[in-house]
Structures are given as C-alpha cells and as structure tokens.
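Note that subunit A is present in both complexes that follow, paired respectively with subunit B and with subunit C.
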Partner chain A sequence: MAHDRLWWRVAWRNLWRNRLRTLITASGLAFGYLGAVLMVGVSDGMLVELIENGTRLMLGEVQVHSEDYLPERNMHRTIGGYEGTDLEIFLNQINSQEDVTAAAPRAYGGGLLSSGEETQAALLMGIDPDREPHVTTLLSRVVHGRPLVTGANEILLGSEMVEQLGTALGDEIVVVAPSSDGSMGNDLFTLVGTFDTGIPAIDQNYGLLALSDLQFLMAMDPARIHEVAITVGNAQDSPRIAETLREFLSDTELPVQVSSWTDLRPELAEMVSLMNAFHFIVVIIIFGMAAFGVANTMLIGTFERRREFAVVRALGTAPIGIGQTVVYEGIVLGMISLVAGSLITWPILVWLHNSPIDLTQVSSGFSVGGAQWRPVLRVEYSIESPIVAGLGLFLTSILAAVYPAWKATRVLPADALADR
Partner chain B sequence: MKTAVRTTNLWKIYPQEPDPVEAVRDISIKIETGDFVAMAGPSGSGKTTMLNMIGGLTRPSQGQISIGDQEITEMTDKDLAQLRLEHIGFVFQSYNLLPVLTALENAEFTLLLSGIPKDERRKRVLELFNKIGLSGLEDRKPGKLSGGQQQRVAVARAVVANPALILADEPTANLDSKASADLLDVMERLNQDHGTTFLFSTHDPRVMERSRRLITLVDGQIESDKRQNHLSVSS
Partner chain C sequence: MTVRTLVTQLLNTALLLLLSSPIQAQTAREIIDRVDRLLRGESSRGQITMEITTEHWSRSLDMEIWSLGVEHSLVRVQSPAREEGTATLKAGQEVWNYLPRVDRTIKVPPSLMMGSWMGSHFTNDDLVKESRIVDDYDFEISFEGEREGVEVWEFQLTPRPEAPVVWGRIEEQVRKADLMPTWIRYYDEDGDLVRTLTFSGYKTMGGRLVPASMLVTPADKPEEQTVLTYHELDFDISVDESFFSLRNLRARR
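Let's turn to the complex of A and B:
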C-alpha cells in the first residue's frame, strides 16, 4: 500500500514537472471528450428529431390495430370486428399502462374530394380532435384556419391538396367514400383549415375529419375504429412498451396487433441503428486520435526520464513498479482531463440544447422514412453518453500509457545511467 | 571474515562495430565484509562496468558474481531488484535524486519499497540526516540543495535501509574538496558504525588515500590490488 501511495505521488508530481505539456495533453483529451459528447448529443438530437417527426407528427410511437388490419388496411377490419369495442373502456385500459402517456382512436377511409371542377383522390383520416393533440402534433401543423369541431362536418386538408383542388377556407368540399355497408357515402364538408407538415406525401394526400363524422360518412358504428395511436414517455423504449401492451391486451380477448414505430417504420428504425453505430465509430476515432497524442507525449516523457527509471531500478524497484508509475500517470492525466472535459462540456451542451443552432440558411433539411429533419442543430443529452465518453477518455489515457510503461520497464539501468 | 562480494573470471564485452569492446577482462576479486575498497583507474578502465555488474544493473558476458552467499548471474530482473533492495545501496556520481521528491522522501525511498511503516521511516531518516548534517533540509527538493547536500542525501538513501554493501560510482567527482572530505567522513563513519561494506569506483586521489584497499584497473584488467593504511575520520 505504501508502495502504491509512493507511485501515485510520483505520478502526480511528474505530471506537473512540465505543466505546459500536461495542460496541452489534458486539453487534447478534454476537447476529445467534448467532441465525443457533443457529437453524440448532436446525433442524438437528429435522431430524436427524426423519431419525433416520424412518430409524433402522425404515427404515434405505438399503434394498436385489429390483428388482420395490416398491411392491407381493409376498412372492414376494425378493432373488435364488426361489433367494434367499447371505445372508452378500451382506451382506459391502454391508458392504464405505466409507460403510456396518451392514446387516440382513429378510422381511415379512401375517397374522392371535389371542389368546383377539381377532384382529387384522398386518404381520409378520422381523428378525435380532443385526444389527438395529446398523441401527435398533426393538429398543431394547421397553418391556416382552425382545428376540427366534432359533428360539424368539417375537414382539414393539406396545403398542397388545397392548391390542387383550387379551394379556400370556408369552401364546401364534396367527399365521396365507400361505406362499410357496400354503398357509397357522400356528404358536404366545410374546409376549416389547412395543414403543412413539410412532408409532401401527407400534404398532398390527406384529409382530416372528426372521427364520428367519418364513421357516419362510411356508415360505421361509433364503436368501430381502425387504430389507436399511442404516445409513450421515451420513443426509444417503444418496442419494449409495445411488447408489454401486447401481453396486457392479450388478456382482453380482443384479437389485436400491437406495433411499435420500429415495426411500422422499419426504414426509420434502420436509420436509427445506423446512426448509433456511426456514433460508436466516431467516438472510437476521436479517442483513438487522442490516444496516439497522449501516447506520444507520454513516450517523450518516458524517454526523458530514462535515467530516473534506471535509478529507481538500481534502488530495488522491480520493472513492474516502473511500469506502474507510468500507468498511474496515465490514470491521473485521465482524471484531470475528465474534470476539465466535464467543466467545458456541460455548459456548452446545456447551452446548445437550449439554443439550437439554426442552419436554415445553409440547408433545407431532409426526410427519411416519412420523418422530416429540420436544419436545426438540436443537441440532446442524457447521463449515459457523458459517462460512456468519460469511460472512453479514461480508458484512452490508460491504454495510451501502456506502451510507454512497457518501454519504461525495458530501460537497461546501466545504459540509461551512462546516457547510452 | 565473511565475503561480501566475489567475482570469478568476470568478462564484459560490448558488441560494437567494427570490433567488440572488452570493458572487463577476466577479473576475479574477493571483497571482505566491512571493507572500504576503492577501485581506481583512468576513464574506460572498467570501474563503472564492474560496479554495475556487481550491483546487477548489467549482466556479465562471462563469469560469476556472488553477493554474500548468493550467486546473482542467473537471477531474474525481479530477483535482482529484490537483492538490491535488501542488500545493496547505490551512490552515483551525479547524485541522481528523484527531482519530484523532497530530500526526506528521496532518503526514505528504499524503506518505502521495503514496506517499513511511516513512523519508523521518518525516525530512521531524521536520525541519519542529523548524523550527516542534513537536518532542516528534509522538505527541500533536490534542485534547492547544493551538490554536497544532494550527494549526502544520496548516501542517506543508500544506507538508510542498512544494506550490507554500498556501491558508489565516483561519489566525489562533482564535489569540491570540502564537500568531498565531508562525504568521505560520513561514509567512513557509517562503515565503522554499521560494518557496511563500501566499494567505490574513483579516480579521485583523496578517495584512494582514504580507502583501506585500492584496486587499480587498466584496460579492463586488474593492474594492482593492495591494502593500505587507513586514515581515520577527520574531525
């Protein structure tokens, strides 16, 4: 133990023999830490943005359907079959789950929209105007007009659909849709608002109606819905939550299928996996570069102290003891760098999280798998990535010390004392 | 009398181009326990190489070395380190104190390696410092000590663990006359008080004069080996 304390003391003091060199090396590691944490933070921000836009906009993070609804989306395959289900009880059951934040029922249909001389095919989505905003941000994308009111035969259209139809707020839209009884339902709806999601597939094709209005149009019982969209606390936990919900709902004897967004948007899930792997590679590259820098500095320090190593060998230190002190220097350097890195990283991280850098001047963003990424450098942080990066930094400084330590153990005392 | 050091047909050949250098050639010596021996000779005569081989810092090309009753030529590096820790103290020409440690920490270094408790370490070092005129300098780093003071710290470091053998390589080479005389007094006193065996390499006539046995090397071989009258410690 006394040994150990001696080597720690020697390591600590050795580091401060050349303050400037130690500070430069520690700064390199600290900035490597900043780079790694920031890179992961920016990347996480992009992922969260993509996931949020891919799920929060319309999808929800978990969805419940009748087990045979997907992938054909047959209008007759409603939850609970032709009888449907008691919606309030069903939604309460879902909401009773610990990780579920909110749930909203939906129905879908295909139809034709006409205004004046123009007619367009549309996907009709029936939503609960009160519940939907707790699950998705779709209604917050209404850029002109106002949201829907249930029972008033109102419709919201995407901005591009409005252009195609040549219609305007307040105009009447004729909606024709196949009904569940085999007939064709048709009715007049008033355009009360337009939405702009930035995703052409949605803005060109969707028409939003109040759930009960769509059910009436399609001659569906109010107990019949096609989908329950659910939002959860953490989107990345969706697969686990979907599994839990699946097990829970299996007890209700309703033949349902529970899917997480990773099932519903596999291309987005792939993108997330790819970016997580990319994180890992970039962090390895950053710390790999730092490791060579630290190893180089420590190697120089080791060569400079060959004579001292020879002296402590002559005094009775085993070669392993010499290596030990060099590794301890790496550990102490790692600790100094970690403290410095944390001190510079956290304020920058919090600042960037609260004030994302707007890149709209240089980029217009992109969309992946129906999820849009706005060109805003959003930084997300958790306790996890700084800890992992801290361990990476620590490991880097220790690994960087291993080769110099090995070289130190190989010093030939007689040669070093004679400056050979 | 017991033998402290014995070398038998010792050779050290450095493989250099174009011709290997024979630094030590077939040297056999026996040094008694408690002796005060100087190994003299011009530069390149093999003095330092002999000390390094006896201290296990470099391995002989041929021949055997025994320290006390231990044959060391086949020992591992780890065992040699342990042997030095327990039985051998080193004093170097250029002091070679560790610059990051204070005088006291330098002096107690071998005690620390031996696992001696802190109180005991401090007691032994302070007593020794008092004996060799280093009291009050305990907390100074080597850079704040004179050459003579540094060399006395180096001697304290070498003797504090009471090794049976002290190997001193040109210990007075960097010291003025007064500091040299003081240092030799210190070493003679330790030799007399503790029976520690001293083996110096030197070309300093003052050291040669005060040794009890003078071995002269030339070109890696013993030119002469004689006992001489020993002068007592100066007052």
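Let's turn to the complex of A and C:
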C-alpha cells in the first residue's frame, strides 16, 4: 500500500511538471463535461415540456376507466357498469393515494352541434368545472368568455369550431347526442366561452359541457362517468404510480383499468425513450472525441520520459509499476477535470434553468403526439446526467491513459539509455 | 318413353323457353331498379313501427312516412311520447332532422351520413343512397336457380370505379316468381360482411305485393337488430314537392 501511495504521488508530480499542457488537457475534458451535461439538460427540458404539454392540457398523467371502455370508448361502458359508482367515494379513494395530487371525473359523448346555419359533428366532453383545473390546464385555455357553470346548460367550444359554426359568444347552440337509452338527446346550450389550445384536433372537434349537464342530455345517471383523470407529483414516475393505484383499486372490486400517459400516448413515451438513448450517444461522442485528445497528450508525455522510465527500470522497478503511474496520472487528471468541469457547469446550468434561451424568433415550435413544444430552451436539473457525464469523463481519462501506459511498460532500459 | 311424351316434353321445354325469355331479357339492372322502387311507387304514405334491439337497450318507435319519387321522403315519430314530433326530411342528397324539444331543424353534416338514423341500425346514408343505387353500381347475376325450393336470382352489385359509395360490394337475392327481394347483404371494401337486410311478411298493401317487414342485423353484433314493419301503405297519394319542405318538417301535427 505504501508503494501504491508513492506511485500516486509520482503521478501527481509528473502532471504538474508540464503545467500548461495538463491545464489545457484538463480544460478540454471539463468543457466536454459541460457540453454533455448541458446537452442532456436541454433535451431533458424539451422532454419535460413535451410531457407536461402532452399530459397537463387534457390527458392527465394517469387515467382510470372501466376495463372495457378503451379503445372503443363505448358510451355504455361507464366505471362501475350500468349502475355507476358513488363519485365522491370513488374520487376520495383515488385522492387518498400518496402520489395523487388531484383527480377529476369526466364523461364523453359524440354528437352534433348546430348554430342554426351550420352543423358540425363534435366530441362532447363533460367535466367538473371545480375539479378539472386541478388536473389539467384545459380551462385556462379559455381565451374569450368564461369557464363553465354547472347546471346552466353552458358550453365551451374550440376557436376553430366556433369559426366553422359561424357563431359567437352568448349564442344558443343546439346539442344533439345519442343517449344511453337509445333516444336522441337534444337541448339548447349557451356558448359562454371559446378555448384555444393550439392543437387543431382539439380546437376543431371538442365541445366542453358541465359533467352533470352532459349526463342529463345523454340520459345518464349522475353516478355514471367514463373517466377519471389524475395528476401526480412526477410525470416520469406515472407508470409506477398507475401500477400502485391499480393494485389499490383492485380492492374496491370495480372492474377498472388504470393507464399512465405512457400507455395512452405511446408515441410520446416512445419519443422519451428515443431521446434518452440519444443522450447516451451524445455523451459517448463527446467523450470519444476527448479521449483521443487526452491519449495524444499522455502519449507525448510518456515518450518524453523514456529515459526516466529507463532509469527507474534499471533501478529495479517492475514494468507494471511504470504502467501504474501513467494510469494514475490519467485518473488524477480526470479528477482535476471533473472538479473544474463541475465548477463551470453548475453556474451555467442554474443560469439557463432560470432564464431559458428563447428561440421564438427563429422557430415556431412543433407538436408531437398532441403535445406542443415551444421553442424555448429550458434546461432541467437532473441527478442522473451529471453522474453519467462524470463517469464518462473518468472512464475517458483512464482509457486514454491505458495505451500510453502500455507503451511505457515496453520501454527497454538499455535501448532508451543508449538513445536507440 | 313414347314418341308422344317426348313431343310433349319438347313442347313444354320450348314453351318454357318462350315464356321465360322476356324475363331473361330483363337486365339485372332493371330488376334491381324495380325491387328498389317496390316500397315507394311514385308517391307513398305508410305507417311503420321500428323496433331496435341493441346490447344496451331496446326501444320501439311508431312513425308515419311519406315519399315522393326517390328524391323526397319525410318521417315523423308518433310515439313514444318523449320523442313525438321528431322528424327526418330527405330532400335530394340532404338529410334534415327536426327536434321538437328545442324546436330546431338540423342538417345532418356529411361526416355523419354513416351515423345511425334514430339510433337504429339504418344509417342516414340509407335514406339517401337508394336514389343512386342504379347509377352507382354495376350489376351481374351471380346465381340463378333453386334455393330452398324457391327459384331465385342472386345479384352481385359492384360499385363503379368513380362512384361515391361506402360499400365494397352488395349481394341481393330476389324471388323469380314475384320479384320479391329476400335478402340484401352489404360488404365493406375488404370484402367482409357488414350487415344483412332480410325481407319477410310479403303481403298486398295499397294494391301491391310488398315485403311488409325488414330486418337489419349488423354482422359484428349478431345479437343486435332493427325490425321495420309496415302496418299501412298507400301508393300514389296526392303530395307534391312542397310537402317535403323544411317548413313542413317543423310543422307539429
């Protein structure tokens, strides 16, 4: 062990013999670290925003349905069957779960909206105006007018639907929907607000009604709902939370299906795993490039010291000892770089997290799987990426030292001393 | 076998050929067209009951129905009370609904033409499409002979390439003796059976032999069905086009 400490010291001293070279190599690695952490941070930020926009707007992070509701969305398949279930009790059960932040009940129907002049097919969504804002941002997207009041036969329509119907705030809209008893439910609703989500499929097709108004229109008992949308603390953790909730709800003996957003929007979940794989590749590329730089410097360093190594060998040191010291040099260099890298990375990360780079000028964003992305480079903190990048940096410096170390062990004392 | 019987047989055969040739000469298209107009005549008025059975509910509607040519028809619900006055008007390619509860008429948008009509297994498109069946399809006789002891024709209707139709193929069986349809089968573009229309209760109404009962069964839900039964049917009544107006659609009776 004493021997070992000696080699560490030799490595440390050797590094500082050519201070400038070491500093340049170390800053190369440190910037590589910064680059890797930042890249991952920015694309994590994009992902978090995509997930948030994909779930917060309408979906919720976890949904509960009757087990036979999806994928047909048959209106008769309500939670708890034809009898339904006591909403208050059911929602309280869900809310009692530790990870659940809020839950909101919903019912759906297909129908016709008519302004008199124009008639359009629409997806009717019955929501609880008090509970819904705790789960989704849907009602905050009401740009004109106001949200719904229960029991007043009011309706909210998307901006594009309003245009297609040629109607205006305060107008009466005829809503026709096939009822659960087979008759044609029809009634007059007042247009009290229009919403603009930026997602055409929603703005063109959806009509929002108070849950109880829709249930009445469709001759459904107030105990009958199609869906409970749930928001949880951590979106990335939704699959696990859905699993826990599934087990918990299986005790209530209601045949329900619990799905996380990853089940409901597989294309979004696919995007997330793709991006995570992409992170890994970015880290490998950045450190792969760094590795050659480090190896180059260290190789020159060992060549310069051929005579030194030869003397040490001639004095009776085993070749492995010489190799060791070169590898130790790599490790020490890695540690110096890591400290330097962290010192420059964290302030920049904190700064970018708090004031994201706004690219609205150059791009208008895009949407994936019904989730919108604004062109704002928001940077997310993560524990994983600094650790992965740190490990990458460390491995790089060690691997880059292996070849020079091997070369060092091959130095033949007689030849080197004779300058051959 | 005597010569006499042989002659008789030959004569019989010749006679049969002679007699049947006018019908043979009828093209498939003409037969289908005739069957298609059976329940309508130039104009008609009828009293029908529609019984709908689905997995989740069943209901029965009494309705009065008027038609003029193939372009116009009007249906008005008489019972149950909750839906009394609900009416559907077909004028050309348009379908309108009248909703007495809100006192509004609504035009069925093109996107919902394949949607259910009054919750039944008929679609809105069924009300419209009949006027075009002879224009949109090519006809051929796919079978001619005896089925369950009855001489029938079976026709295959294939949509013309440019025809704006929803079916991939239609098959129809018609009894030779009285030109009564027995069933019509509707297939989608993949060649899968979507639904079957079965006719029965052949009787004379308004001076014509008609199938008084029609049964629709969707292929994917064999336990569901819609039965439409005519209780009264009069032909060539005195109505004109003004009867099939939005104003009259709204008129409560």
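The definition used in the following text is that the second predicted complex is superposed on the first by the 419 of 420 C-alpha atoms of A that agree within 3 Å, B and C clash if a C-alpha of one lies under 4 Å from a C-alpha of the other, contacts with A are read in each partner's own complex, and residues count from 1 in each chain.
Operating definition for what follows: a residue touches a chain if its C-beta (ideal position, glycine included) is under 8 Å from a C-beta of that chain, and two chains touch if they have at least 3 such contacts.
Worth saying up front: this structure is predicted, and the values here are computed from it rather than measured.
On the shared subunit subunit A, the superposed partners subunit B and subunit C are arranged side by side without overlap.
Legend: residue contacts after superposition of the two complexes on their common chain; A:M184 is shown touching subunit C, with no touch to subunit B. Legend: residue contacts after superposition of the two complexes on their common chain; A:G84 is shown touching neither subunit B nor subunit C. After superposition on the shared chain, subunit A has more residues touched by B, the comparison being subunit B against subunit C. Contacts of A:P133 after superposition: neither subunit B nor subunit C is touched. Legend: residue contacts after superposition of the two complexes on their common chain; A:R307 is shown touching subunit B, with no touch to subunit C. Of the two partner chains placed by the overlay, neither subunit B nor subunit C lies in contact with A:P375.
Of the two partner chains placed by superposition, only subunit C is touched by A:A121; subunit B is not. Applying the stated contact rule after C-alpha superposition, one finds that A:G293 touches neither subunit B nor subunit C. Taking every C-alpha atom of subunit B against every C-alpha atom of subunit C, the smallest gap after superposition is 80 Å.
In the superposition on chain A, none of the residues of subunit A is touched both by subunit B in one structure and by subunit C in the other. Across the interface of their complex, subunit A is touched by residues 52, 54-59, 82-83, 86, 97, 99, 101-102, 104, 106-109, 111-112, 115-116, 118-119 of subunit C.
Chain contact summary for the complex, subunit B toward subunit A: residues 48-49, 52, 55, 57-58, 77-78, 81-82, 84-86, 88, 90, 92, 96, 98-101, 105, 109-110, 112-118, 157. Residues of subunit A touching subunit C in their complex: 76, 112, 114, 116, 119-121, 174, 176, 178, 180-184, 186-188.
The touching residues of subunit A, counted against subunit B in their complex, run 2-3, 6, 9-10, 13-14, 17, 307-308, 310-321, 412-415, 417-418.
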